[in-house]
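See the structures that follow.
Next come two complexes built around chain A: one with chain B, the other with chain C.
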Partner chain A sequence: MLTFVIVYYGVLIAASCAAAYFKQRQAFQLLFSLLLVSMVVGIVGGAAGLRFIAIAACLLAAAAGISYAFREFLVQIAKPSLARELRTAPLTAAFGMFIIFVYAVAAIFAPWIAPFGQAEVIDSAFAPADDKMLLGADQLGRDMFSRLIYAARNTVGLALSATILAFLMGAGAGLWAAVRGGWFDTAFGRVVDILMSIPSLIFALLILSIFGTNLTIIVVVVAIMYAPRVFRLTRAVAGNVVVMDYIEAARLRGEGDWFLIRREILPNTTAPLIAEFGLEFCFVFLLMAGLSFLGLGIQPPTADWGSMVRENATLISFGEITPLIPAAAIALLTVAVNFVVDWMLFRSSGLKER
Partner chain B sequence: MDKLLRLIGQRLGLGLLTLLVVSVLIFSAVELLPGDLAEAVLGQAATEETVAAMREQLGLDRSAPVRYLEWLSGAVVGDFGNSLISGERVSDAISERFSNTLMLAAYAAVIAVPISILLGIMVALLRNTLFDRVANVMTLTSISSPEFFLGYILILYFSVKTGWFPAIASQMGDTSLGDYLYRTFLPALALVLVVTAHMMRMTRAAIINLLASPYIEMARLKGVSPLKVIVKHALPNAWAPIINVVALNLAYLITGVVLVEVVFVYPGIGQLLVDAVAKRDFAIVQACCLIFAATFILLNLAADVGSILTNPRLRHPK
Partner chain C sequence: MSNPKKEVLLKIEGLKIQGFTDDVWIDIIKGVDLILHRGEVMGLIGESGAGKSTIGAAAMGYARDGTRIAEGSIEFDGMELTTATQVERRALRGSRIAYVAQSAAASFNPAHKIIDQHTEGPLQYRLRKRMEAQEDAMDLYQRLRLPNPREIGFRYPHQVSGGQLQRAMTAMAMSCRPDLIIFDEPTTALDVTTQIEVLAAIRDIVDQFNTAAIYITHDLAVVAQMADTIKVLLKGEEVEEAATEEMLEAPKKDYTKSLWAVRSFQRPQKARPADGSEAVISVKGVDAAYTGGAKVLDDVSFDVCAGMTVAVVGESGSGKSTTARVITGLLPPSKGEVLFKGEALPPSFRDRSRDQLRQAQMIYQMADTALNPKVRISDVIGRPAEFYSGLTGAALKQRVDELLDLIELEPSQYYNRYPPELSGGQKQRIGIARALAAEPAFIICDEVTSALDQLVAEGILKLLDRLQRDLDLAYMFITHDLATVRSIADEVVVMKNGQVVEQGPKDEMFRPPHHPYTDLLLSSVPEMDPNWLTTLLEERGVDNIGEAARTGQRAP
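For the complex of A and B:
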């Protein structure tokens, strides 16, 4: 234990001195603040606290490393125009893209990655982890790890389809309202105001109590709940484009609404719309996770992160962290999407920073 | 002043109208039931006679608008009829739980509001420093985590591993305030974590937007001290966005509370709603939804009115 402490401080001090000597200001600040924090934690929490800090710092460093490498990889395979944008992406955004990539691989190749089927009973209930089952068994003796992988497909797929539906409705109505204007625009605006004044989780619960837990209904209801947000944004962004001269010119040429939307407005509104799609996905994903946590989402035996947390929650009172892994999976994906969206918003919007 | 009153009156009227439309939506949603209410409640085992008796008991022989008006006029004075499953009065089931939920939300708000506004202003002033970046990542992480994730993490570390706080907040009864605060600390903390992150980000955005405006730059250029710039120039205009942020997040608390209550088995209205949904007890579902929606709309209304009242340009018309 003592050697660990000595080596730990030694490495940190040496590294911060090296950073200071080579005039790497940011690296020095980072290393030295880590050193100060470690000193405080070391005094308060002893060697165990120090070990915790060391592990956390290593994890962060590993995450930063993989994000850096992934960004370089993307820059090399992307087209030149896109590569220039990607080069300016902060590490958090690169990390987000990497995580999304990993989730996509897990979801697409789920049957090949997962060692067992999602409804297959392997062992006794809550069997501990061994080399056959990486994370142990759940409350019915099914393999946790396989269910986690399959849930990537089920949970994310459902949230994605609801988001796409919400987006099609919201963005379609928004663009149309912007082009048409008049009473059509006003009517849509009023409906949206009312829909947005209902808390979404509550409304979803109301509808689910009536129609029962049916996947199609969940997707449609969630899409209707979140379409208004998309509508407002699209309407606002497209509203700024519609007053441009080139739209006027196209109108005078005799182009129809559909042409205006497709060829003139959409190309000029893609950046904020893509960012909004990411944000929207986060909201929908969290709402659906909440619903399935309440037992009202995807029904068993189909694997789903939200319901997995609930089913295995009893393990938490024995100090196990396995039930938290599906919840962490939800959080990680949402964080990743948020990181990417944050970067895109910063790039595309006129947020008055700097 | 006239203009101000008219604006507020308009907003209040609009809010009332929204509430009315929402109540129609909540009522008519049940009308969408396949078959009708009586069949849905009795389920598969229903015979002709029992369905007919149930219809009469529920008053389904009258037209929907009449029943809506009856339901609404009852709801206004706090009478939501009887539960479809247990037959007890809905208002009895709700009243105590509603005050429990309000207590929890108020507890969380009292902690979260001052902290998040202070931190939000600090982060806005220190923007683009390391501190700001770290705060940005932390708030994003907190926003992105489902409420039940935060709740279970708190249970795992503060209750199971260390035993500092009780994990379950179900036994209420006659407890002193101190005891209550101790027992409900973890659910309140879970709510605080989510809401603080939201509020910090919104406060930061509002303040940064404000600090970028030309008149602040003007004040700086003429040599006013930084503190004075903030207190005398920025703050009067910052109240409106800050009030907005607070009210919006309190409204958010109202929905976030449902999941947290379920995690901590807290006897609040959110848990009642979830149970009623599972049991398909529509009378309770409707009542809970109406209460949640009304609170949500009222808080949004408060946000609007607050920002109108604190807007210096409206208070001192030219």
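For the complex of A and C:
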């Protein structure tokens, strides 16, 4: 144990001195502040605390490394115009893209990655982790890891389709309202006001308990709940575009609404809409997980992160972290998407770093 | 100190300013020298991109975001600004160097009263107490001939007119009695009649306080009134500098001569066809109002004949653009009608047939907002051809090439580009091509040259003239610039407060006797004579300038 402590401090001190000597300002600041924090934690928490700090720092470094490599990879395979944009992406955005990529792989290739089926009973209930089952078994003896992989497909797939549907409805109506204006716009606006005045979770619970928890109904209900927000944003953004002279010119040419929306307005509103898509996806995803946790979402035996948390919740009392793993999966994806969206928002807002 | 003009106030030597584009620093200002004496007014002129405003900002020791002062020295009253600290430079601004921006409306904070913004400087520098500062502000407002000088400061910026706001801004620049004021195109956004008021006010106050000034503009006639010396800039380099009179009479360099010659373009005036054939567009007794608003057009009638150009002139708010909206059908008139070749057009564009829409096209003032930034040039021009004539594939491409040729742009170079990649003049040409693609008989040109530099504007006017002769087009030319009218119009319609004040062939219109309003408009156009403003003010009587002049001459 003593050797670990000595080696740890020794490496840190040497590294920060080297960084200072070679005038690597940022690296030095990072290393030296890590050293200071380690000293405090070392005194308070002893060697265990130190080990925790070391592992956390290594994880962060690994995440930064993989983000950097992934960004370079994307820059090399992308088209020149896209590559120039990607090169400006901060590491957080690259990290987000990497996580999304991993989730996408897990979701698409779930049957090949997962060693067992999602409804297959393998072992006794709550069997501990072993060579066969990476994360142990759940309350019915199904493989936790396989269910986690399958859930990526189910939960993300459902959230994605609900978000896409919400966007089709909200953005479509928003663009149309902006182009038509007048009473048409007002009518749409008031309907949206009504929808937004209903508390969304209670509305969802109500509808789902009336019509049952059918997958289609879940998607439609969630889409209806989120479409108004998309409508408002789209209408506001498109409202700034429809007053332009080129729209007037197209109108005077005799173009129809559909042409105006598709060819003249949509290309000028994509940036904020894509950013909003990412944000809405997170909300929808969290709501879906919440509904599942309440038992109104995806129904068993289909694997789903929200319901997995609930089903395994009893394990918490035994000091096991198993139920937290699906929760962490939810959190990680949400954070990742937000990192990417932050970058897109920054780009579409036109703010430039000095 | 016997002659205060001899003391050097600002000395710029070998100034180089760089801008950051596409990951490299490129020179914007390539070594400019400038010496300004106390109480002297220097005019900086040149087309856009010449670096006038950048030099103006540099005189305050300021480089805009994305630019940096790379080389050279800026010495203000013995103090070197390039090496001064941020705090030292900041202490100069507002107190000893002031700045008057082009758009006062955009530069005032709309949430505070004018006088509160005025007194901010003196209070910040502890030059005056609040009450004294307010008294001083009112005094300045009076000197600048603002109406109700004791009361106007307590209004918000949106409650006063553009010309008054520009004068209030000049007063604000004066609030700390600076040694140097930088005027960055202060009258470019104003009408000719308002411009005079502002010019006179600025000149007076600069004289009264013996303030030095740098006057940035692209309008030669304006600078001739204001400046003691003129410096001509081109692409970040000095072309020449001389005293105003010398410069006007005998410019040395070719570029300066070309600037001077710009307004010389004039084409022969055409008369109406004698056979009394039908006008292409005739507006008959049109009244119009915006929803819930007062009447904007009152009994407007005029004709536009084939192959002729009718210029509609008047200051802003006179109903010029509204007339265009009525003709295109964007604003259905409440009374009267618009005839196309003797046939009444449906009031709203929605009820017009595709062919009727095709016949009347429009070219916009701001090419930036008139072209969709996300649509390729080939589609911008190709779409009307596709839409009206049903051209597709190779035939469409050929038509687009033809149109690009017509507007003197090389097809292969522009075919696949997007509007933001083009310069202002090129964009305006694309706007023209889009109108031509519909093969119209009549085109409305809404202030097409007012956003362009004079050389570029002349090119556009020549192009429009050639197209008119080749394609037998009828133009309705909306403008407030009488120089443009002089060069291109056949007939002139003068509008004021939504009414046609006077109309007729151009020759008659430019020859007295005029309607008093036409006279006011005509006499307000700056001329190259440096004594023009002085003479004009004497004629009108100094006290009579401004609001008084306008209200006094309003038609009964």
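Throughout what follows, the second predicted complex is superposed on the first by the 349 of 354 C-alpha atoms of A that agree within 3 Å, B and C clash if a C-alpha of one lies under 4 Å from a C-alpha of the other, contacts with A are read in each partner's own complex, and residues count from 1 in each chain.
Assume contacts are C-beta pairs under 8 Å (C-beta built on N, C-alpha and C of every residue); 3 or more make two chains touch, one makes a residue touch a chain.
Keep in mind it's a predicted model, so treat the numbers as computed, not measured.
The superposed arrangement places chain B and chain C next to each other on chain A without a clash. In the superposed model, A:A331 makes contact with chain B only, not with chain C.
Contact with chain B, but none with chain C, is seen for A:A289 once the two complexes are overlaid on the shared chain.
When the two structures are aligned on the shared chain, A:Y246 is found in touch with chain C, with no touch to chain B. Touch criterion not met for A:L2: it reaches neither chain B nor chain C. Between chain B and chain C, more residues of chain A are touched by B. Once the two complexes are overlaid on the shared chain, A:F339 sits against chain B while remaining clear of chain C.
In the superposed pair of complexes, A:S200 makes contact with chain B only, with no contact to chain C. Computed from Cα centres after superposition, the angle at chain A between chain B and chain C reads 90 degrees (steps of 10). Least inter-chain distance for chain B and chain C in the combined superposition, rounded to the nearest angstrom, is 5, based on C-alpha atoms. The residues of chain A shared by its contacts with chain B and with chain C are 352, 354.
Across the interface of their complex, chain B is touched by residues 29-30, 33, 92, 193-194, 197-203, 205-211, 282, 286, 289-290, 293-296, 306, 309-310, 313, 316-319, 321, 323-324, 327-328, 330-331, 334-335, 337-339, 342, 351-354 of chain A. Listed in rising order, the residues of chain B touching chain A in the complex are 18, 21-22, 25-26, 29-30, 32-34, 127-128, 130, 136-137, 140-141, 143-149, 152-153, 155-156, 160-161, 167, 205, 208-209, 212, 251, 254-255, 258-259, 262, 273-274, 276-278, 280, 282, 285-286, 288-289, 292-293, 296-297, 300. Interface residues of chain A, counted against chain C in their complex, comprise 244-246, 248-255, 263-264, 267-268, 352, 354.
Those residues of chain C that touch chain A in the complex are listed here as 65-66, 328-330, 349, 352, 354, 357, 361-362, 364, 366, 369-375, 379, 383-384, 387-388, 434, 438.
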